[in-house]
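Labels run A, B and C following the written order; every chain starts at residue 1.
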Amino acid sequence: MMKDHTTTRMIKDKAFRVIVIFLACFAMLPLLLILYYITRNGIAVINWEFLTQLPRPIGEAGGGVFNAVIGTGMLIILSSILAIPFGITTGIYLSERSEGKIANIVRLCVVVLQGTPSIVIGIIAYIWVVAPFQSFSAISGGVALSTMMLPVIIKSTEETLKLMPYHLKEASLALGVPYYKTILKVILPTGLSGILTGILLSVARITGETAPLLFTAFGNQFMNWNLFKPIDSLPYRIFYYAMSPYPEWHTFAWGASFILVVVVLGFNLIARGVAVKWKVQF
Amino acid sequence: MESTVLKVDNFSAYFGDNQVLKNINLETSTNLVTALMGPSGCGKTTLIRCVNRMHELIPGTSVTGNMYLKDLDVYAMEPIVLRRKIGMVFQKPNPFPMMSIYDNVVAGYKLNGIRLKKDEFDNIVERSLKGSALWDEVKDSLQKKGTFLSGGQQQRLCIARALAMNPEILLLDEPTSALDPKSTSAIEELIVELKKTVTMLLVTHNIAQAARVSDYTAFIYLGELVEFGPTEKMFTVPKDKRTEEYLTGKFG
Amino acid sequence: MLEEKMIALRKELIESATLVEGMIDKSITGLMRKDSILLTEVIEKDEPKANDSEISIEELCTTMIAQYEPRAKDLRTILMVMKMNNDLERVGDHAVNIAECSLFLIERPSLKPLLDIPRMAEESVGMLKDAIEAFIREDALLAAMVCERDNIVDNLGQQILRELITFMGADPTTIERSMRLLNIARNLERIGDLSTNISEDVIFMVEGRVIKHHRDQEGG
């Protein structure tokens, strides 16, 4: 009797394990399929010309996505400049105040912001920046994207700083270091890995955002270094090429998608590397 | 001639409405170790934290009475100025993990923006690490991070960091509670050695430790200073019945 | 911490022993040379010093036990030092008795040339010196040898008793002086016994073995 019981249990255990592994592999399937398709279709297009040349009008062969790559880079820089200072300071504020009316309101806003659809954010940026200046611009794109970065940076900064052990603060304060300096010179540097990870993850997120850019940065056939004018970006270019009726442009879309996936994957992997390698042991 | 370094005068402390220290009166003299002993929750940690006003980090605390560091009124000073004159070592060793051993020792200067020449810093580092009996073990790896040291070494690093500021008094809040027996006895020997040049106030829940290293002992129970006197006398002929009971293990 | 105090304790005990040994030497020398100044020194200068030393050592032992929770050999050492301290104080008292009896005797004509008393003194003081030496060197063997010499001192004492009984029987006027001499002999015998005690304490300190009251011989 006892033996039967044990056998049944062992079978159940094995079955459970097999099912879990199977489901895990199944869950990875979409990712693997995406990577496979994009690589298969996109990698053929990648060459030096593709990366360094501007798009040609239809009819002409060749061309590239140089402006889109540069544009994405500029948008990343712009939105980071806007989002990082506000994000980190808000994160510091929230980590210091675990209770309090204002803190709770701020937290609520962060949650709401995180759940706001990206296209709505794009429309808001349009109303704020595009309409008053009567022009699509890189800056408006930066504003939209930075708004999307904020919740991630705020949350990760808050969580990282909350994890900082209290005795670190004590050590600094006992040396006669003022509170604000303790935060700036001791706590922040110690939590740098976590904060940096948050920033990199938020960058990875916005690199591929398309909807907000439709109303703000708008896209540009040509190379544009002027922040007050529309600017191209990889997601936008992919959208533009993919929606077109021309097969050649479709292949370009695959190529641009490949670049985009590599970039986003790259940011994610770097973020992970930073989190592991730079993590400070107390 | 002994002179008074710290004078605690009719001092009481409150957490909200709860009185945790009741009219404490004691004095610590130069280059001696005064131990605060008592059962958990008696108020000894609160008392030591009131000396450098670290208790003010907890909201809702208030105090009455006075404390004097040499001639200065502790509660009339700026806390920051006060804390630079007092060194503190905590229960859990807490070197700054992002800094090298060298930078840890002079952290009190660097974090406060006090600029000195490189030679002067070098001297301070050597003097402080020698003072905390850590110099020989780390002199060749001063640029390494402080967290690579063992627990006992980290604690000695924290002591060096405190000594670097030339404090008027060194506060030790259960400095060996988190250490293994070998490190504990190394720190105790260090304290006995440091006595020659540094005045110390030590909180310990280990009666035997208070007996071994201190010159004067204060027994605190339920927020009251039950007895205060030379350690030799207190451990052989305590005056108060409660002290006698605590020492013979009847409670605590 | 404890080590330093142990070194200081041993030093104090050795100094105390040296003082007491000196007291015996002075008393006997004072008797032999009829030197009343020497004898008075023992009574008036040396004894107070010995008493102070006893109190000081006792206090030191008490605080060491209270503060340092000594164990094993350290504990045995401190406890035995306390006992030896007591015994040394008594040896000092005996030396004082000898000095007092001597003061009486030197003012009167001597009964006989003193041979046995000095021999007995030499033997007792030798035992004491060796016992202390055994303590210093932590030498249990030397200490054991001291215990065995107690017989020699006792026999000498018996000899002196017989001789003096003869004197007293022959001439009643010698009784007072004889009694004093006998007293001195008794004191020297007691010094021998106390030296044996000290040696037994040394053996316990070094080896943890109890040999007093002939425990050893009973196979226990």
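One rule holds for everything that comes next: a contact is a pair of C-beta atoms (placed from the backbone, for glycine too) under 8 Å apart; a residue touches a chain by one contact, two chains touch by 3 or more.
Keep in mind that this is a model prediction, so the values were computed, not measured.
Leaving out chain B only, the groups of chains that stay linked by touch are A | C. Averaging Cα coordinates per chain and for the whole protein, the chain whose average falls nearest the overall one is B. Each chain gets one centre point, the mean of its Cα atoms, and the points for chain B and chain C are 50 Å apart. Centre-to-centre spacing of chain A and chain C amounts to 93 Å, using the average Cα coordinate of each chain. Counting partner chains per residue, chain C has no residue touching two or more of them.
Residues 188-189, 192, 208, 211-213, 231-232, 235-236 of chain B touch chain C in their complex. Within the complex, the chain B residues that touch chain A are 52, 54, 57, 80-88, 90, 92, 94-98, 107-108, 111-112, 147, 158, 161-162, 165.
Those residues of chain A that touch chain B in the complex are listed here as 165, 167-168, 170-178, 181-182, 185-186, 189-190, 192, 280-282. For chain C in complex with chain B, the touching residues are 1, 62-63, 66-69.
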